[in-house]
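By written order: A, B, C and D. Residues from 1 in each chain.
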Amino acid sequence: MMRAIGRIAEPPPTQTRSAPGAPPAPLGGSVQIRHVDAGSCNGCEVEIGAAFGPVYDAERYGARLVASPRHADALIVTGVVTRNMAEPLRRTYAAVPAPKRVVAVGDCARNCGVFAGAYGVAGAAGDIVPVDAEVPGCPPRPEAIVAAVRELTGR
Amino acid sequence: MNALGVTGGVLQAVIVTGGAPVLTGVMRQVRARLEGRAGQGIRQPWRDLRKLLRKEAITPEGTSELFRLAPLVLLATTFTAAVTVPFVTTASAAGPVADLFAVVALLAMGTATLALAALDTGTAFGGMGASREMTILALVEPTLLVSVFALSVRAGSTNLAAIVAATVHDPVRVISPASLLAAVALGVVTIAETGRIPVDNPATHLELTMVHEAMILEYAGPDLALIELASSMRLVVFLGMLSSLFLPWGIATALTPLALAGGVAAFAAKVTLLGAALAAGEVFMAKIRLFRVPELLAGSFLLALLAVASSYFLTGPNL
Amino acid sequence: MSPATPALAAAHSASRFWPGIGAHWGLTWPALAGAGTLALITALFSLAVPRRWRAVVSGAGTALTGLAGAAAGVAAVTGHRSPTLSVPGVLPLSGVTLAVDPLGGWFIAVTGAVAVAVGSYAIGYQGRAASRPSAAVLPLFVASLLAVPAAASAVTLLACWELMALTSLLLVLAEHKRRPEVAVAARWYAIMTHLGLVCVLAGLMLFAAHARGDSFAALARAAPHLSPAVKSTVFVLVLVGFGSKAGLVPLHAWLPRAHPEAPSHVSALMSAAMVNLGLYGLIRVGSGLLGGGSAWWWLLLIALGAVSAVYGILQAAMSTDVKRLLGCSTTENMGLACVGIGAGGLFATTGHPVLAGLALAAALLHVATHAAFKTLLFLAAGSVLHAAGTRDLDALGGLRRGMPATTLAFGWGALAASALPPGTAFVSEWLLVQALIHGLHGASTATAITLPLAVSAVALTAGLAVATFVKAFGTGFLAKPRSAGAAAAHESPGSMLAGMGLAGAACAILALVPGAVLPAIGRAVAAAEVAAASGAGGVVTLRLDGLAGEVSPLLLTVALLIVMVAAAAWLRALPARSARRKARLWDCGGGPLTARMEYTATSFAEPLQRVFDDVLAPETDLDVTHHDEARYLVASAEYRGRVPDRIERRLYEPVLRAVGAWGDAARRLAPGSVHRYLGYGFYAVAGLLIVLAVTR
Amino acid sequence: MNHTAFVELLNLACGALLVTAVLILWRRQLAAIIRWFTVQGLALTAIAAIIAVDGHDARLGAIAAGVFALRVIALPLLLRRALARAEADGGGRALRETSPLVNVTASLLAAAVLTLLAYAVSRPVVQLTPASPAAHAIPIGLAVALIGFFALVTRRRAMSQLASFLLMDNGITAVGLLTTAGTSLIMELGISLDVLFAAAVLQVLTSRVRDTFGHADLDELRELRD
């Protein structure tokens, strides 16, 4: 079967590193990521799934999704932060051992997107926890997510 | 314990400690390739460890010293086992100190300590992982000891060095039913004890399906690094035991640089091959339900018992 | 006749039975006599002194009694020969005959050591609440325990045995005023132990009937001339009797009842010293007096032992009452020792003296190790009961904050009980498994089939023991307190800690340098007439004589410590290392985790219960009450689950029911009408006459 | 070939026989059971062939060929066809031994006990010719037969009962080969023929059952009593 399909992963695109966002020195080429759905419509989740799937294969750059924030170096926050998720998000951030990074994926997480000003919204991810990187798009394309991940791992 | 054994012990300490993460990397790489992915590269586990060691350690509130000591105990037991079992040379570094039972008990000791640490956190997942791990440990024990029994029948001792040396001197013994059956049984034990598919899924993210992973959910930074290192070393120890007991070819019998180099190379090659085979098998298997695991272990126990039986079936009672 | 003659005769014969006895007076008799006197004095004083001092007097006196006993035992096993004492006229038939050989000395030494720890513990445990009888009986119980292995004639043995049974029964009853279930447990214990006594009595009397006199010397002389049928009958009878005392399945029913209900220091004495004497009786009569016998005895003993070990530890793994758990684990450990004794006898009868010595040595060492860690565990459990007011593991937890010393003690005991290095039981079980494994060479068919099964039973037992004690320690002492009592638990007084400290030290010695006691065990094995010596030796490294196999718990432990320290130092020395920080538990971001979210002992054991479903036959029932307006809405659901002792269900209850039925039938015969009684008499006479008429 | 190699090879073949029996008891998938049954036929052939080569016995060689034709080609073929037909109209549930009367764990432990029992009862037979290595392997043949019998008792589906019957017969054949070392060709042929016969009968039976009930679950046969 494997012989029939062969390698699914696409060839890695040449890395386009923005000069200032140099990879954090402590996490050399290895980033464990905990994903927090702060109130998303699951569009970003689908794209994240695609980014870590066989085709885009973000794992090849040394990133891995993990089950516990204790094991994580970075949080991926998707969706507007609803009132119910604000405190859990803070606690999750507090549970991650330093040094840590936060990536806001999708327009909702960056600036509440279409939900701006809705009564159940506590704010964008940046209003609750310090955000280091943002991935625009509604939903963002997997390539963009992979690029952000590569910014973290530096590979 | 002689010069050969001590040299082997030192070599093993270095190889196992340094090579265990690489083996994990190789296995992940094999899986990735078979799943059509590019893979992280075999040095990734070392990168993870380096990073974890630089991160801050976290002591959850309400945990005791046991929580902090457990990773050290786990590492110590695994390391001692790795030094004791003759991987590279036929002589064991600690021949008179520990035999096969002691090694088995040492590894169990590490697991039990980690389970206690998991209970110490008082989280539901910790307790769940500990309970499942202890259940599996208790059920694995008979298979383990009985297959050790089968192996020791011909060598007349449970001393690892003696068993390995006996096999080296009489290679035909390897294809005797007793040793083959014991090999299969120990293979199942290896899968169960190192938490691989189909008993446990090392890559799961769903707490409810976790066994080993659920116990270490609270660990972070250097503690987690120690645990990861120890569990990859544990895998190497079990695979190395399989290779030394059943395919002891190329193992160094003399204290010459050439022989030692050959021993090291053979050990690395055998363990890597076994690990790759294990990973390749995992791709085509699904994790079985926790309550189907006893079935698997009963089967392996039966095979171990048959190994003992056939060791006197086929050669007559008086060996 | 003059009282001197039988004494001389007994001494003379004994000197033939145990060559060299009577060479010169050793330390043994003075020490034993001292122990007896101390016990009596302590009993009298603790009756006399006011309540304030009672516990101190009784505890200290018990400790001293134990010390003297231990000295006597040590003197006996280190080869200070002592003559046979014979005091005619005290008891019917043969009077009291006492002799201490190394085998008895070993058990006396173990009992004495246990008594020392228990005595110092009892000072604080009984405290002000010490009732006069229990305080007075405690030293007498210890004295009777010391006397049993010193008995050298059937009647003496039975007398000491009965004394031991009575004193222990009184101690079990100590708290019957406070808790009614104590009385039930005591009734079970009384019935079982006396049925056992009856069996032993029958066996020994049958034996003595075929011998000239009932002294062990006479019995041993008569044994070779006995017919195999008689020998087998005697063995089976004493096996039932002593087995019930050792708590072997299916005669274990009293054990998980009496141990939890007795005061903890008494539980420790019973579980660590008294049950051993059942094994002593088996070795003494089976190997010593009957001199081996046929192989099936020992195969039977191995089977019983293996079943007891697995069943006992399964029950322990299921139980949530910490003292019941410890009691079941006593059944398990006695089972393991019986496997050793059985293997020893088997190898002796099939002509492998070295293996026989090794197996019996493993059994004797296991007796000592079990005594050490079981004392420690029961004393620690007693402190928990003392402090938290409950024995239920599901209601305990988090004790490490309130009572760190006790937590340490129980943890060390749990490690010792679950055969993991550097645990205490690891050494004895290692020896046992070695003996079983090497036995396969040149084995007969039955042996070749038994040994692998025995090894797998021992292995399963070891694995389950690990799970059991991880459960007991993890859910009882770690994690969060599950009840107010556990949260408010406080450390015990110094004397109790001292008792635990002594037991813990004994565990440590036996775990690290078991070689130190092996010579003594060798002499005991020789005295049991099984083999010339224990098949193992060496102080730092444990070596099997004549067989390949060695392990060194001491070096192993040192290596572990070195690696741990090195790893810790390496972590500290790391250049880029950031400080450790405290953080709240990871609760998935939700509210704080409460104690009700923890895994309890029951939930911890649930997977095992499922796996061994067919063996344990757990009972569960679920009551769902619906809303009365809509029966589709559930108002409340109540779930109850328990794991009953299945053997008890299947074996004891029918018997008890039958006995009850007979009782009712008998009562129906006696309605109290005089006419009917006269009628019985008349019918009896008439029937007799008819019978006579017919038979004429 | 030299003696030690002969012994080792024979032992190996016998070990394979035993392991395949265990696996047949272990697996639930009927397809897997048939596959392992084929492997076992190979092991049986190997035993016959090894003894033949060692004893330079032409008739045994013929027997080996016969065993191969019957156990490795004919019977598996029949079984597969029956399975295919069962799948055709029985649907997915015909493919698995869903619920044997004794659960798999228990039956595996039972198999362990049976093996030791076989060893115990066949000691005398082995003692008759302690010299011959073939005799020492008799217990294995007996064990396979007992395991097959056990499976025959505890399985529900007609198909897997057929398989376990054949397993039992493999064991008997192995015992025959190892004891007589092939001197009684007649007995061999007799066994093989009666197997074929039995297989055919069961084949017919299962097809009948299927025609009547739509699938071959023998528990349904209870309805036929009254």
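The criterion applied here is as follows: a residue touches a chain if its C-beta (ideal position, glycine included) is under 8 Å from a C-beta of that chain, and two chains touch if they have at least 3 such contacts.
Everything quoted here is computed from the prediction, not taken from an experiment.
**Q** Can you list every chain in contact with both subunit C and subunit D?
**A** B
**Q** Compute the distance, rounded to whole Å, between the mean C-alpha positions of subunit A and subunit C.
**A** The separation of the two C-alpha centroids amounts to 61 Å.
**Q** Once you find the CA centre of subunit B and the CA centre of subunit D, what distance in Å lies between them?
**A** 36
**Q** Between subunit A and subunit D, tell me the centre distance in angstrom, where each centre is the average of that chain's C-alpha atoms.
**A** Whole-Å distance between the two chain centres: 58.
**Q** Specify, in ascending order, the residues of subunit B that touch 2 or more different other chains.
**A** Counting only residues that touch two or more other chains, subunit B contributes 54-58, 217-218, 221, 294, 301, 305, 309.
**Q** At which residue positions does subunit C touch at least two other chains?
**A** In subunit C, the residues touching two or more other chains are 445, 448, 452, 576, 578, 581, 583-584, 586-587.
**Q** Two or more other chains touching the same residue: where does that happen in subunit A?
**A** 26, 68, 70, 95, 97-98
**Q** Which chains touch, pair by pair?
**A** Applying the touch rule to all chain pairs gives A-B, A-C, B-C, B-D, C-D.
**Q** Taking the touch rule as given, give the residues of subunit D at its contact with subunit B in the complex, in rising order.
**A** 4-5, 8, 11-12, 14-16, 18-19, 22, 26, 104-105, 108-109, 111-112, 115-116, 119, 126, 130, 133, 136-137, 139-140
**Q** Which residues of subunit A touch subunit B once you look at their complex with the stated criterion?
**A** Checking each residue of subunit A against subunit B gives 2, 5-9, 12, 26-30, 32, 54, 57, 59-62, 64-68, 70-71, 73, 95, 97-99.
**Q** Going by the contact rule at the top, pick out the subunit B residues touching subunit D in the complex.
**A** 172, 175-178, 180-181, 184, 294-295, 298-299, 301-303, 305-306, 309-310, 313-316
**Q** Where on subunit C does subunit B make contact in their complex?
**A** 397-398, 400, 418-421, 426, 430, 433-434, 437-438, 440-445, 448, 452, 455-456, 458-460, 462-464, 466-467, 470-471, 473-475, 478-480, 541, 543, 547-552, 555-556, 559-561, 563-564, 567-568, 571, 574, 576-587, 593, 595, 597-599, 603-608, 610-611
**Q** Applying the document's contact rule, which stretches of subunit C touch subunit A when the two form their complex?
**A** For subunit C paired with subunit A, touching residues are 576, 578, 581, 583-584, 586-590.
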